[in-house]
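Labels for the chains are A, B, C and D, by order of writing; each one numbers its residues from 1.
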Amino acid sequence: MPSAAFTAVPTLKSVKKIQFANTEDKQEFSKFPTKAGRRSLSRSISQSSTDSYSSAASYTDSSDDETSPRDKAQVNTHGSSDFCVKNIKQAEFGRREIEIAEQDMSALISLRKRAQGEKPLAGAKIVGCTHITAQTAVLIETLVALGAQCRWTACNIYSTQNEVAAALAETGVPVFAWKGESEDDFWWCIDRCVNTEGWQANMILDDGGDLTHWVYKKYPSVFKKVRGIVEESVTGVHRLYQLSKAGKLCVPAMNVNDSVTKQKFDNLYCCRESILDGLKRTTDIMFGGKQVVVCGYGEVGKGCCTALKALGAIVCITEIDPICALQACMDGFRVVKLSEVIRQMDVVITCTGNKNVVTREQLDRMKNGCIVCNMGHSNTEIDVASLRSPELTWERVRSQVDHIIWPDGKRVVLLAEGRLLNLSCSTVPTFVLSITATTQALALIELFNAPEGRYKQDVYLLPKKMGKKKQTVTSSHHYKYSDKI
Amino acid sequence: MPSAAFTAVPTLKSVKKIQFANTEDKQEFSKFPTKAGRRSLSRSISQSSTDSYSSAASYTDSSDDETSPRDKAQVNTHGSSDFCVKNIKQAEFGRREIEIAEQDMSALISLRKRAQGEKPLAGAKIVGCTHITAQTAVLIETLVALGAQCRWTACNIYSTQNEVAAALAETGVPVFAWKGESEDDFWWCIDRCVNTEGWQANMILDDGGDLTHWVYKKYPSVFKKVRGIVEESVTGVHRLYQLSKAGKLCVPAMNVNDSVTKQKFDNLYCCRESILDGLKRTTDIMFGGKQVVVCGYGEVGKGCCTALKALGAIVCITEIDPICALQACMDGFRVVKLSEVIRQMDVVITCTGNKNVVTREQLDRMKNGCIVCNMGHSNTEIDVASLRSPELTWERVRSQVDHIIWPDGKRVVLLAEGRLLNLSCSTVPTFVLSITATTQALALIELFNAPEGRYKQDVYLLPKKMGKKKQTVTSSHHYKYSDKI
Amino acid sequence: MPSAAFTAVPTLKSVKKIQFANTEDKQEFSKFPTKAGRRSLSRSISQSSTDSYSSAASYTDSSDDETSPRDKAQVNTHGSSDFCVKNIKQAEFGRREIEIAEQDMSALISLRKRAQGEKPLAGAKIVGCTHITAQTAVLIETLVALGAQCRWTACNIYSTQNEVAAALAETGVPVFAWKGESEDDFWWCIDRCVNTEGWQANMILDDGGDLTHWVYKKYPSVFKKVRGIVEESVTGVHRLYQLSKAGKLCVPAMNVNDSVTKQKFDNLYCCRESILDGLKRTTDIMFGGKQVVVCGYGEVGKGCCTALKALGAIVCITEIDPICALQACMDGFRVVKLSEVIRQMDVVITCTGNKNVVTREQLDRMKNGCIVCNMGHSNTEIDVASLRSPELTWERVRSQVDHIIWPDGKRVVLLAEGRLLNLSCSTVPTFVLSITATTQALALIELFNAPEGRYKQDVYLLPKKMGKKKQTVTSSHHYKYSDKI
Amino acid sequence: MPSAAFTAVPTLKSVKKIQFANTEDKQEFSKFPTKAGRRSLSRSISQSSTDSYSSAASYTDSSDDETSPRDKAQVNTHGSSDFCVKNIKQAEFGRREIEIAEQDMSALISLRKRAQGEKPLAGAKIVGCTHITAQTAVLIETLVALGAQCRWTACNIYSTQNEVAAALAETGVPVFAWKGESEDDFWWCIDRCVNTEGWQANMILDDGGDLTHWVYKKYPSVFKKVRGIVEESVTGVHRLYQLSKAGKLCVPAMNVNDSVTKQKFDNLYCCRESILDGLKRTTDIMFGGKQVVVCGYGEVGKGCCTALKALGAIVCITEIDPICALQACMDGFRVVKLSEVIRQMDVVITCTGNKNVVTREQLDRMKNGCIVCNMGHSNTEIDVASLRSPELTWERVRSQVDHIIWPDGKRVVLLAEGRLLNLSCSTVPTFVLSITATTQALALIELFNAPEGRYKQDVYLLPKKMGKKKQTVTSSHHYKYSDKI
């Protein structure tokens, strides 16, 4: 039984703030729900306890309440029981986490304040499926403040902050989510969000496409009333484009993933910080003087290189695109071939988006103690599979840190088993989540209020000009600084 | 009448890359051709020799030969007289300048070497109208090496390096250009390039659109044989799009101006260096510790800010676009309103592309000794006109440097009279010109060799993939570095 | 009575480099030994397991073995029982930690390899009192490899890594130390190191001066054979200078604390990284765009500013020393008065070494959410005492993170209660510890091998030239990089 | 005749602002005044016209007045003729240059304002021998404002700005200096300063030691009244220490050269800017993407590396001192051996202070177009002598730029013939000169006002604390910034 396996693992640290830890696994899971689901799900569970690097104290995990939330009868202080969370009594702690998050989400709070009077979402009935964290809670409560009714569920079986879910449920938002759901729980929760008496969604906010998928499969008639879908993830957007190509998309959809703000923040600015954070938390490495090769000089690579160079690392680049390679040169990085420098490197970082960027042959040639990690868009940049061979010994030295030991004693330090370092071993700053959440809110406002005919049954990017509201995404941050001095 | 034709067209050509000053005077001249033309022309000429910041010794200027080249009979050592330059005897000096330029134009030389065997321009008859500098000469000689026949003229009456023109003429390229042409000379030279017995152009390389314009007006039949136009400047491209809209473009045209390589280099990388160079050469200012405000955080602004920050200046930004403002914040710059900080600034730099970014009121509030200059795309960012009022005294303290003196003795240091600092007071690195020249060469190759039907009577950007040759633009630089270690 | 002796001496020892928290509690303890000592000790102990930010899994803490090590009979696999550690069975885990540490201590390993043949410490009998960590173990094992016999104890009652102590004991080094010693244990351990049958120390390696103090008080005759003392801490060095002034220093002493390498690394390079690490682990703050004021522009301040600026924070400085202020200006930082900017700041960092740099009045004026922390040399830079008043509410939101809540709801985020952020909330890179450890080893070699008369009964700095061995401190790092390419 | 040789050279540009162009030659000259003087003097003259990169328009050079100033009778508007300058009528232009200089010399102006009331130099009779530039004029006029009487002469035969000398003479300061003095003129001018009826110096301000030397030789009795010597140059300070060692120093002397402010500014901050300026003005090189090796990582090297790295150059270091090498590593630079990388470099910069850092063998291995220059403390870092061999061709392509051509056609670009690039091809910012000038003024004040016995017949550094006045050096700059926002 999955949950037994889950609790059997020594859980030294809490898994609280982690936003996306197993999204990769989740995505795999979502793609092949019928066949491979069970297997990959099990694997995810066995890994999940070690995936967190949260700084927050874990009130939740110390709970020894093993009863499934589905079997509990809970009522909030207003008498409602239209929710399903781990423990409604954690609401107060969750409220505090939400308040802390609000402090670094000024764009969203600013939007809330400006638009509160006009209630641009009055009449909107939004069903949402996202990670349920303090930051998402600020988004949900903003949508409510702008006039919307919301029902919410989790897009990942591990990423829910139970106390935040409790806090939302306490204020009257029907939330169906807890940390450590089973696969069955997962779809049950989605179903409870969509399929409720006397309430029908007219907007969908999705992250990963599972909610959209479920509605398509089970309640296609819902789409008659839905004015649009807002989707954040790469995978979900990909699915929407496939639907669109197949002529099956029956409502307008907004691709938030490719908005300028999200791209710049998720990649350049965010990775600039998370590469340092991820390496430090896992290895305590000193950056100064270290020889680092970064594979790929796109936005992620640029972020990584900027940060490492600034802290005194000696950084070189591999890049096959000539324009990006030229940019690397002009930014002062040596452009090299990986095989030429691999022997000397202290750290190898992949951010190309391609497969097998670091091959077994190159891993064989690395020096003792070399750290290898992945910041790119998949978990196949490093050929980790090739390391799972009998002549090599794996030794887990810390959470997310494996030593791969060669017969001659050489150790290579592999982080997060080649999965995304920034998701596995670092936290995403609230500020970044704020940018994305504000973009999501604006996309919902735009789709909900658009005159008929503006958007057809297609996938759209957020328009550059939306009147003064669009400016809120950034200008509130802008003025945050500009008004100061 | 040539001058009528000239004035009939908006000829505010982009003269982005030349290091010679007075291009704006040329523009003034163009704007008021009937009244002020003659006078401003005279003034320009008298200033031109002192306004140059080229590091090359100017052998030409010391020449006291006042005879017009049109009135001279000159023959090169091969017996040809199909050219018109200032003094064919300067060829040797010009050759040396070309050789020096070749050293930092490895992309172009690399293209020359690679493609020399296959002669991709065999049969091409190119008529060109560009600045005639050592760097352009490398381009022209590359085109010849690739099989083309060329005839060339200048796109600007001041920008010709006479000795380079001589060197080209000596090797057999018919060149019609000298420094300090009259307007009549200008069109005469173009005409001599196009209208020649027994030779008809089948490709046009233009910079500013004057050559194209002339062919349209006088020799429209030439277009029957022309396979395409390659245009570099903003103005020229604008004209082509207008022709295209009006359905009058009768051959394919390639817009080199908006290529990625040109944009990044002309703006970000180039300005990063030229802001330092321009300020240093004019004012000898120490950057460390100086309070600087940069108006506008586009590519030019980013380049300026990066450089100044790196050298210890304390930089803040004004920016109205919220995305750019957010980028400035994330890059560590205070985003301010100009009026809030104007009193404290040591240096004010405009790079917005807008008008009246620095107003008279703000100039009034600047502190004594404040330096004001413009790196943007027009000469109207600083309201210089407002400074030409009786209560203020102008004092020219150095070439390109005016002190504007207020009644109370306060001095504001105005550079280049508000025109582009990087054009007036700095040089453009050969490396940057090499990037553009290579792009031009590739565009010519592409248009000349494209199968019929690939390009219609429209304006195109250079395709991202052109087979291996396209890579040459950047990959030769790329491998320049990557092959080293 | 040991505790009397202990309290008689000012024991505010420097605990610069350990990553375990609560060192300040130890100091508090020392300050109020009679009254609050017992209580604060208890509190510290109860907090210590959660206060750690070491990335290593803590096998020790989960131990529920409450028996005092002094009451246990333990024997290593070689049959020796000349040690006293928590649990000799943890040796294997400790060995792995030591091996991991060795990978980033190339200077020390290089010294070990070079000097192993000549055994420059053959005959040396070293008694040591330092933090007992994986890094120190590498030092101890290097000393043994160079020919020394060692006996070791801990300089801090909390900082011992039990499994590392076990690993050392297992290899035959008599270690007397465990995490969570009582005060009585502390002196008992020291005594067991010094006072052993048939072995008398001829070298002392101390960190804080407690070992030296104990020998002076109890076994002054030992100094007859001792060739020198090597001391690392500020406090210990201070004590030695006092002894020297008083004419009571009876052997040569080497001041390692003030060596160039230690100063640069402990301050500039180390703080450059630990400010980021400490802030990120405690608050998950995004640095980009944050307004930060750093109080003090000495080496620590320089390190902090460099790192924060590089990651996009907008940094200003307060500094009273005019030379340092000028340096800040020339490095591109605004030099301000704290009171002028306090309202706008997102983060306030102290690194002056002075008292009350951040006053209650300034704390009152901070904006909601402002983060305040200390990187300086004492715990009094922020007037934390003034915050312990009835009108303010303290709320511990995470380990090392308190929200101080004003009556109007404003929250100020105080890190580590104003104690050193880098000690409390960050780890010290092994590389830095390696530099110090190598310096200590070289100092021991120098003192042990110096011809008679070279060093008198005084305090010395390590000589700049010691023959080729001195170079090892840095040159092994040097060549680590230079030999690569 | 020297002056004939001088005028025979085509002087395309002015030699106006150059502060130190020929100091090297001058120093050589000073060291062997009797024997080698004539020869090195001649050589200097032939080089001087090309040594300038001044941005100032040259009013002076256009003068065709060949009469020696010594043969002219000139009177200022106050009726005084106690001076000898090129042309007193240039006073107005010189005044403007002085006013421009004042704008960036706030430290000195601030000192002038603060101390004007108390006249700390009342009674001081200062004889000075320095470069006579606008910046020095601000110093001299500050000394006068503080109560001193001054007589002044030039320390270099080429460095005088004639119009500034005229402006000083016009205000009543007896100045004896012009540009292009003969050796005989040089000593005549010094003599006229010292040896005047009814006025005897009691303070000496020297730069290079020639004035001091002359007084020692010719008027030793002057030292009876002299309260002290302030010396700025390395050479002059060296001479003073020699005198001191030999027991021949008969008054206290202040070594301004080794003051903290001067060292930091002349080296780190100044070179950070002048390396860019010097390379750009001579070669127009683009820094981005260039492979650069900097030999030596002292303060000069640090300045060069910081700047080049910031502008996108790919910088590596050679360094033999292990501490400096470690710093280079920690700052993110590869530490290499020159011979390992010499083939790949685009630019080679020496700043070690040693001889033959770049050997003929290495020059042989450089690639075509490699730029070689020297920022160090002597002109022997590059083995230029080895390049003066028959198989190599020298070609002067621009002022300060030689192409050395190998038999196979390879060209190496040698700047300033291996002399100091920052002196030969760049300007020293007024701000830096201001720091030094203020230090000189403070040293004069300190020596003049010191109670008897504080300073003996020895060489001193400026004391760290001088009361509030000492703060002026930097704090006026400090407050310049800190008071602003």
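By our rule, a residue touches a chain if its C-beta (ideal position, glycine included) is under 8 Å from a C-beta of that chain, and two chains touch if they have at least 3 such contacts.
All values derive from a computational prediction rather than experimental measurement.
Contact tally for C-D versus B-C: the pair with more C-beta pairs in contact is C-D.
The chain with its Cα centroid farthest from the Cα centroid of subunit D is A.
Mean C-alpha positions place subunit A and subunit C at a centre distance of 38 Å.
One simple way to say how far apart two chains are is to compare their mean CA positions; for subunit C and subunit D this gives 47 Å. Subunit B and subunit C have Cα centroids lying 60 Å from one another.
Chain contacts: subunit C has residues 269, 288-289, 311-312, 314, 326, 329-330, 334, 341, 477, 481, 484-485 touching two or more partner chains. By the touch rule above, subunit A contacts subunit C in their complex via residues 12, 17, 55-57, 96, 100, 103-104, 269-270, 272-273, 276-277, 280-289, 291, 306-307, 310-312, 314, 341, 344, 368-369, 395, 397-399, 411, 427, 429-432, 477, 481, 484-485.
Note for the complex: subunit D touches subunit C at residues 260-261, 264, 269, 319, 322-323, 325-327, 329-330, 334-337, 340-341, 471, 473-475, 477-478, 481-482, 484-485.
The part of subunit D that touches subunit A in the complex is made up of residues 288-289, 309, 311-315, 326, 329-334, 485.
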